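Should a chain be cited, it is by its letter among A, B, C and D, assigned in written order, with residues numbered from 1 in that chain.
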C-alpha cells in the first residue's frame, strides 16, 4: 500500500525567531520512502537537520519576521496489514530490559509517574502482565476519556487527564503511558501520520499521537485514542512525551495561521515506481 | 588538591527488586581518578554498567530480598581553585546552540518551562543577557527560598518551590533551571559530591545538586543553593532534572536504612601517587 | 437610569436532577426593582427559594427528564454614575475588620491564598496600602492576562491563571482576589449583569464577574477584567469564589443548549413608573 | 464520663500581629460544660469573640511583639458510649437536603470536588447508597493512606492525598469529604479533642480532625483516620475544610514554640458536681 503524506503549515512571525521542527518521517522508515522527504520553507531558509537523542530527524532554522510556510510531501510504502497485535507478548522484568529502554520508565513533564504508582496498582496491578495488561490500560483510557478538541491545552498532564476525563489524542496517550511506566512497562510517546484508511468516520486530517510499549524484546504500537489496529500508521518521532516531539517549537513568538495535513492512500502507482 | 569521596548506603529489601544506581564519578572526570571507582555490593551481586543517553555511568543489578549495602570510595584530583566564574560569558542565540543542548531548553517533570515563560520574563526579562542574568536568577532563588530538610518531597516541582518558597538543594536548582530554560538558556541538573572545603559551617554530608548553564559555547557550574564558587565539586551525573539522575532507583520497594557520604580533602599524598 | 435585564437559559436533562440557581437580583438591590424578579421554568416546577450564608437569593428545584427552560426579566433602577471610586479609602488593619469579613481573607477552591503569600508580597508588598494597592493589583492582572473564551475551564485556579496568563472574566477576578487576600485585604467574588452602556465595543451578552474589596469600612467594586468604572452593574450574588455563586448547579447531568442574557438601558420610562 | 480538655500553646511574635483562634468548645456542646471555657492569654490581651458563619465560636486579638501564650482548660460531660453508628441511615436526595447543607456539597480549597466526580463514581458509584457507602469511603481512605507526621504540609489537597497516599489526620478527612461531596453527600470538616480512651496505643496528644456526613436528616461523625467509633470526641469547630477552622490563624508571622494538648478522662467527680 502506498500512502501519500504531506503538510502545509503557515505562521505569522512577529520578530525573527529560532525554530525547530520534527516534520520528517522517522529514520526507521527511510527504507519505505518512494520520494525524497524534504521540508520546503517559504521564504527559502538555511535549514540544518540532525538526529536527536531519541533517534528522530529534526530540522532547525531561523525564521525571519513575516510569513513563514513549511511544507512537504512524500510517498511511503506501508504494509497492507494493520498494526501488529501479539497477544502473547510478555512483560520484560526490569532487570532484563535493554539499557536504553530504562529512560522510558521515568517521569517526564506530562507523565507524572511518581504520582500514579498507587493509582496504576489499584486499577491494573491485578491484571495478567503482558500484552493484555497494556491493552486493559488502553481500554480503560479509551472508555473513560472523552475526545474534545476544544479542551486541549499545552500544560495538561496525565493527572489532569485522569481528573478531567477529556482531551485530545496526546492526552489519551500521556495517561496510558503513565499507567504503563508506573507498572514498570517502558512506554514512549509517538507522533506521525495516521490516515483513516478503512475507517468509516472521516475527520479533518491532523497529525496523530500514539504510543509504544516495550514487551517481549520489542516496541509495539498502542493507541489509547483509537484503540484498534489501524492501517498506514507512519512514524515521525518518538520521545518521553509530547514535550520532546513537538511538530514545531518556536523559541519566541510564532502565530499559526494555516494548518493542513494529508494522509491518503495513493491508488495508482506513481511513475517513478513503474520505471 | 586530592579529595576522598565515598558512600555507604544500606537498604532493607522486602522482595527481590531491580535497581539502578548513579553512584559513579562522571566519565568527564575519569582522568582525575587516582583510585578505581568501583561500587561494592553486599551481598555480592552481578552488576552491569552502561553509559546512558546523558553520558552518565549507570549501574544496574537485581537486589535479592534482605539487606543490601552499596559502598564505594575513590580519590579524585581537583583543581585548587573554586568553580570558574566568567562574567563576560554571553548567552548563545538559540539558532547557534549545539543540537545536543536543545533538549535542555525543554520541559521536564520537575521543570514546567511551559508554566514559567511569563514569570521568568517578568522577573528576569529585563536583565542583561549572559552570565549576569543566570547569576541574577541564582541570587533571586537563593534569597527567596529557605532551606529545610523536613520540607523535602519527591513530587515537588519548580512551581511548588516558587509558591512554597522552601525546599532542599534539588528544589533550588529545579527552580533556577526552569527560569533559565524559560529564557532560552539551556540548563541541566547535576548531582555529585560537594565538600565543605573552605566553608565555615559544616553540615552533615550528603550528595549535592547543582546545575549547569550553557553560555558562550560551554557548560558552566551554577549553584542556586550555595550561590558561591566552591572548591572540590565532583560531578556524578547530569540530566534534565532529578528524575534522570536519582542516585538510586528501585523498581519496587527498597527501604533506605543507612546513608553515609564522605567528601574530604586528603592532605597526605597517597602511596600510589608517591610511587 | 433604567436597565432591563433578563435571561433565557435552556437545558436538555437526560434524567431527573436536582438543581440550584442563582439567577435573582441580589437582595441588596431589592429596593431598585421596578418589576418583580421572578424566575419562570418550563415545564412549570415547584421552586423554593432561600437566602444562603453569603446573603444571596437562591432557587432550588427538581428538573424532570426532558427540556428545561429558565427565564426571567426585570427592570432595575441604577445610578447615572459609574462604579464609585474612592482613592483615599484605606486598608483596614485585620484587627479592626468586621467579624463577617474575615472569611474573605481565607483560602477557597479557586483562590489558593496559601500559595500566593510570597508572590503577592513580591509584586505588591511595597505598594502604598489602600485603594491604590487594590488598583495596582487590577492593573497588573488586566495587563498580564489575555481574555480568551476558548481557554475557559471549570477547574482553573488563580495559580493556573498566574502561570497560563489567559482566561475569562472569572479567572481575572480569581487572581486579583487571591492577591488581595494574600495581602490581608478581604476580597469576595461577585456575579451579575454588566451592560456595555457607554462602552464602544459590544460583545455578545453574558453574565459577568467582578469582585469586591473591603476598604475603609465598606465593600467596593473592582473589576480586573474591564478595569474601568462602569455604568449599570447589577449584583446577583457574592461568595468566596466562583464555586459559591454558580448561576446554575446541577447535581447530576444537565446539558446547556441555549443561553441568552440581556442587559440594556430602557430609554422610555415604563408605564408603572409614570403612574 | 467526664473529660478534662485543655491546651497550652506558645508563640514567638516577631512584630505585632492580628490573630484569630478557634480554641473554644463548639456551641453545640455548651450544655455539657462543667467549667467555664475561657481562653487565657499571656500577656493579657483584649480578646473579642464571635460566632462565625459556620456556627463556631471564634476569638480575635492583637498579639504584641514578644512571647504569646494561649491556654485554657475545661471539663466536659460526655456520653459513655462511642460515636453513634446508624447503619440504616439513608442518603438524602439533593432536592430534599436542607438549604444550609448545600454548601457542603461544593468545592473548597482542599477539596477539589470538580476533579473527583469521576474518580468517586468509579470507586464508589456502585456501592449501596447510605451509611454503608460513607463507611466504604472511610475504609478505602483508611486502607490506602499511610499516616506520617513528617509528610504534613499546609497546601496538601485531596488530590495530593489521593496521589501521594500519605498524610496526617486532616488529609485523611479531606479526601473522604471530597469523595462524599462528589457523590452528592454533604460532608463537612470537624476539629476538636479526641482522647485515646479505650484505645491501646497512646500517641502524643494533639487536636484531632474528623468529618461529618449528612444522612437521613442529621450530621453523623465519621473518621477516616481512626475509622472506628470512639469515646469522648469533643467538637470545637466545623467548616468546609481545614482553611475554615484553623486552630489559630495569624495574619502575619507567629512562630509556634510550644504546643501541649490534653484530653483525659477525669475519674474523680469534681467538687462542683458534687455540690
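In the analysis below, a contact is a pair of C-beta atoms (placed from the backbone, for glycine too) under 8 Å apart; a residue touches a chain by one contact, two chains touch by 3 or more.
Fair warning: this is a prediction, and the values are worked out from it, not measured in the lab.
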Does B-D or A-D have the larger number of C-beta pairs in contact? A-D
Numbering shared by both copies at the chain B-chain A contact, with half separating same from different: same
Need the most distant chain from chain A, centre defined as the mean of C-alpha atoms. D
In angstrom, rounded to a whole number, how far apart do the mean CA points of chain B and chain D lie? 42
Chain A to chain B: how many Å between their CA centres? 31
Just how far, in Å, is the C-alpha centre of chain D from the one of chain A? 48
Which residue numbers or ranges of chain C touch two or more of the other chains? 112, 115, 155, 163-164
Inside the complex, what are the residues of chain D that reach chain C? 18, 20, 50, 52-53, 58, 60-62, 93-95, 99-100, 102-103, 105-112, 114-115, 154-155, 184, 243-244, 249, 251-252
Using the touch rule from the top, collect the residues of chain D that touch chain B in their complex. 150-151, 153, 155, 163-164
Listed in rising order, chain C residues that touch chain B in their complex are 112, 115-116, 118-119, 122, 144, 159, 162-165
